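Report on the structure given below.
To keep things simple, chains are lettered A, B, C and D as they appear, and every chain counts its residues starting from 1.
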Amino acid sequence: MTGIDWNATRAARVVSTSEMRKRARRLPRAIFDAVDGGAGDEVTLRENRRAYERIAFAPPALADAGSRDLTTTILGDPVSMPLLLAPCGMARMLNSAGELAVARAAGKAGTIFAVSGVSSYPLEDIAGVATGPLWYQLYLLSDREATTAKLARARTAGYRVLCVTVDATIAALRERDVRNGLEIPPALSLRLVVGALRKPSWLAAFVRGEVGDAGLGARVAVRDFVTTIRQLIGVTSDELRWIRERWEGPLVVKGVMRGDDCEELLRLGVDGIVVSNHGGRQLDGARATIEILPEVVEAVNGRVEVFVDGGVWRGSDVVKAVALGARAVLIGKAYMFGLAAYGEAGVDRVLEIFRVELDRTLGMLGCSCVADLNPSLLAKSSLG
Amino acid sequence: MTGIDWNATRAARVVSTSEMRKRARRLPRAIFDAVDGGAGDEVTLRENRRAYERIAFAPPALADAGSRDLTTTILGDPVSMPLLLAPCGMARMLNSAGELAVARAAGKAGTIFAVSGVSSYPLEDIAGVATGPLWYQLYLLSDREATTAKLARARTAGYRVLCVTVDATIAALRERDVRNGLEIPPALSLRLVVGALRKPSWLAAFVRGEVGDAGLGARVAVRDFVTTIRQLIGVTSDELRWIRERWEGPLVVKGVMRGDDCEELLRLGVDGIVVSNHGGRQLDGARATIEILPEVVEAVNGRVEVFVDGGVWRGSDVVKAVALGARAVLIGKAYMFGLAAYGEAGVDRVLEIFRVELDRTLGMLGCSCVADLNPSLLAKSSLG
Amino acid sequence: MTGIDWNATRAARVVSTSEMRKRARRLPRAIFDAVDGGAGDEVTLRENRRAYERIAFAPPALADAGSRDLTTTILGDPVSMPLLLAPCGMARMLNSAGELAVARAAGKAGTIFAVSGVSSYPLEDIAGVATGPLWYQLYLLSDREATTAKLARARTAGYRVLCVTVDATIAALRERDVRNGLEIPPALSLRLVVGALRKPSWLAAFVRGEVGDAGLGARVAVRDFVTTIRQLIGVTSDELRWIRERWEGPLVVKGVMRGDDCEELLRLGVDGIVVSNHGGRQLDGARATIEILPEVVEAVNGRVEVFVDGGVWRGSDVVKAVALGARAVLIGKAYMFGLAAYGEAGVDRVLEIFRVELDRTLGMLGCSCVADLNPSLLAKSSLG
Amino acid sequence: MTGIDWNATRAARVVSTSEMRKRARRLPRAIFDAVDGGAGDEVTLRENRRAYERIAFAPPALADAGSRDLTTTILGDPVSMPLLLAPCGMARMLNSAGELAVARAAGKAGTIFAVSGVSSYPLEDIAGVATGPLWYQLYLLSDREATTAKLARARTAGYRVLCVTVDATIAALRERDVRNGLEIPPALSLRLVVGALRKPSWLAAFVRGEVGDAGLGARVAVRDFVTTIRQLIGVTSDELRWIRERWEGPLVVKGVMRGDDCEELLRLGVDGIVVSNHGGRQLDGARATIEILPEVVEAVNGRVEVFVDGGVWRGSDVVKAVALGARAVLIGKAYMFGLAAYGEAGVDRVLEIFRVELDRTLGMLGCSCVADLNPSLLAKSSLG
């Protein structure tokens, strides 16, 4: 046994998040696709990304941003860069350390982890290893007592911010999952086994119960997940008011796709808004989030913080979003692929890639801190 | 012999209508292409579809559409969803049950079947098995007596609505058909046989006379088809007036591609307008129908019901069309591929796919019924 | 020897002009490319074609164009359809009958052949076999006596219209030709022979002197061609005035790409204007001709006839051009490929394809004659 | 030994600069990519090129540009055409003669060579072989004494113009380089050797010390390069003022991407502005340079000369840039590939290709000299 951390060594060689995505192909295809895929024809999935490419930079000629300060605050919590980790379900399908690894990586990187309401480790366990602030993402269930209990657990465990998802009140059909025969939890379905035979390391971990649902905690989590999915209800003003009354800390609503929703959300007392179409995984055909952002920023007019997710694969994307008024972005697939490829070291590396790219882009725009970013540094390119 | 309905079992595994299209490749290529292809360079065929992708959704954040009511009425007839089955000729080329299967499936699904004027079963036989309302689609012939006789037969058989097609008064050249050596009726031309050799199940049915023109009824239908094609005439105001005087029930005109045609159509007493370019199968270069729809809806201004067809492959397309003012959409190729792949069970499945997608999309838009749909839920995406 | 005309039989099976292009691949690649290729990166070549696809039809719903009259006149000459054959050089490289075949085919089809100033048969021989009106296309040479002599020959031979090309006063570099080692005349260069070895029928004809420059007449023509290319001069107002004074018949200028050139051209007494970028074979980057046409039509305002060429591959393209104000279109590559594939029968077939498509499109637009065409039948599609 | 210059013979057969790029694949992939690649996803790299294709020509019909005068002046220096050679680092990686070959070729072609601040031959050696005017490109270093020394050396060596690069103050990550394992200097890394094994001529020259860093001069240059990269600082108004005070000759700023930067630059006394995004090699997502040019030209309003680089691969691109107000363009990759493919003869050939294309395009636009070019000869094409 040597002291060499092979995962870290290999992760360090990964140049970009899109290369990390390729590394994640060590997973069985069904699992890879469950992270990678979107709803329907994946039009929104693709557009989330392409819309960033249609935004161009117009940097000033004379500027010296010798060193850049990437820090900011998110709802009062200081972070090392304007980026946090989005809630993604069932991380243990990818790696046995699941959300524990993600929480540790977020803490080391000095940023926030938004834990999914259908995490594959109990929220208390995740909080137990976390060294940075946590958000708790809530799916609204028909069973109010269950919801109340969840809120209490999150509060007790020290979660700082409650994030209510409003764009996933209907279960979507992700056709890749259906074609891959993916079941939740992934039992040893024929197709999964056939696919996994070509990925022996994942299969071995599955058989040992390290990934998948074999561990006791995971089994509980999975039961929880299935229950949650079945009880999803729509989030109305009444529901949101009910939650607002039961959560003292900052409250964020995730899944806003229209500027004209903001007034009501603010009236209901939300502290933050996440422009999101669930990464193109819910309503295919929904607008690209970076194209919605300016309209939401204008409607909110600085009264609360606005965030955005979907299609963020580059530090330059983060810069574009912040220049357009986002307080920070949430990344999802990018870190999940890091987790899938190299576990915690993979998440570390993804965060490092973002940090380096963010720093370099800021420097090239002559900005010495994120507060220097503004829309005048961008130009709608005519690329189309 | 077991009681297992293999077609239904297989059809149930099909995830989307585009997957159903792939399943329909069990047909000889010439027959597949006759359904799949368009006129000329197929520019309109492609654009009908792409134009839907350029329309984006802008769903509200706060909404609860716990359960959705998809029902509506079409010219007074209640239907289970805003979708009916477009007239498509010669269904028996695809499956021996032809239009009988389609009529049965439409009835089970609680919607309307618009029977083609060149159906491959007599209109009376189709009416005999139908359990839902039927439209009769009329091609205008130079022989007025023949037309009068057709109207009388349709009336007697209980067809509810007469649908006059105005965009197919000139026979189009579909180049795939010419290249495939497709003849109507499909005699055993060399190319067809060579193609069919690789599709033994279809060939066997053809040899047994189950598909193609071998059965007596089919032969009559085919003679009828050829006669019809040869006698097509243009539909003028005079012709339409003549028809209007001879049909007491609702009268629909199919093939409208301009808003400024509507005033005259309404003056002539039509009860419904179908925006259609014949699925890109007549005039290549015609505008995409979903892009024409708003202009027709505006011109009609609620005085009659407006429908649209062409490029509808998703429940979300139905939602877009209804949000833009269509009363309902007509689907054609999608159900024909269902018929080709798995007979009646295939049509059942296609209708089920549309229903599920429609329901889910409505829910994700926070609409509890189709009347809630409106243009404000859409945004012209900048995708290009 | 049977009486079967195999070329006519085979040509009759060709469905479209783009299929005819494929048939023309029986030529050695160097010769095929010399017809098919454009200048530079072939941006203009492609755009000429794509620009037609961006124009959509908006046909009226109620119309009966039972039979269509395609006839019109071109500078006073009656033609059977609004289409004439553009001047293309060196037709004998493609087929031994060269321009003689083209002239015969044009006559049979009831239209005009514009003979190239660098034809591979003497202009008198072409006039000798022609049964329809001819245009003579003139390249302006530095040697005025030579020009005068040319004009005299054309006048004596009965050419009706003089067409002065103004967009080819500088020799273009067509890179496919350079890469293919094409020389004019095509001597037995190594590359040509290697390419031709795979096309034995063309090679045999070349060796027999039927194609290429072996025949005496052809040799003279080739000498003429080379001389012409070397003496090309720019066409100024003075030059055009000089020509106008020496040609009594109608005078057409070919190669106009700006509306603001028209006033001066009319002042100088031209009778017709051809919007042309030389089929994308001269200045790569020039605008697509169908996009220039409306601006020229507006500037000319009906005072002379306006024509257009470049990218015309469908009868529907002809309809679009005429609807936008062109008196007629010129086709080039399309008939040259017919000539290459099946000689005179190939040209016959190409003209027949255009006629049938033109007739059908006119009918589908509800127009009973070409004069019914107008811009309101078109819509700028949003295809991009 | 014959007198045949094989490189010149082969170079003469190259038709276009893009073909020259293909010839440069004789280099090891790592070296080729180091020239060819861009930053990030290479969006800007591609757009620099595509943006030229979106600009169309609108040539006048009547014009005679019998012969064209391509000469102009650049900051007072007469040049044979409006094109100069951009500063590109480390030319000796491509060919043992490196910048010496480039300087000789520029001189023969009657144009200017802008020598990189990280050239692989000492600036004095380059000046020693140059027969035309030279620019010296300066990267601003934190070490002012080093900068002062550089300026003194450039002045002493007779460099005419100082060109300060402002868009490369942060080291970019070019991912192709990372993936190729490229180190500067290229030591015999495993990947490089493996790649080079398939390119024996380059490898042999590398082993002989003719390319790479083996020669003493080259070693010094490489040390210089590494030092420079490490000391890069941002260029502020103060820094530029400091330089302006220390350089008597013309001063050019390279890397301007906004019109609103110009006023300050002019106030600081610059004599020329190069619109540049570093060829897409620094900030991926930066706007295409030819789309920025008009805004800079308007802001400068004739007070100083404006240049542009990035995406220039055709003489017609040069014409477009000059028509939009550029005094001249800088080419980079194009001549570097010439150097890579055939050494000095390759650079000669690239310059000859540009000259011929430039001449022909000018002629086709009816311009007899570069001063005749103006924006009215262009049209924004609708190609998208």
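Operating definition for what follows: a residue touches a chain if its C-beta (ideal position, glycine included) is under 8 Å from a C-beta of that chain, and two chains touch if they have at least 3 such contacts.
On a predicted model such as this, the values are computed, not experimentally measured, just so you know.
Interface chain B/chain C: under half of the residue numbers present appear on both copies, so the contact uses mostly different residues. With angles rounded to a multiple of 5, the C-alpha fit of chain C against chain D returns 90 degrees of rotation. In terms of their C-alpha centroids, the spacing between chain B and chain C amounts to 42 Å. Rounded to whole angstrom, the centroid-to-centroid distance between chain A and chain C, based on C-alpha atoms, equals 60 Å. Multi-chain contact residues of chain A (touching two or more other chains): 384. Contacts from chain A toward chain B in the complex involve residues 40-41, 43, 47, 50-51, 54, 166-167, 169-173, 175, 178-179, 233-237, 239-240, 253, 255-258, 261, 264-265, 282-288, 291-292, 384. The part of chain B that touches chain A in the complex is made up of residues 15-16, 18-19, 53, 55-66, 314, 316, 320, 356-357, 360-361, 363-366, 379, 381-384.
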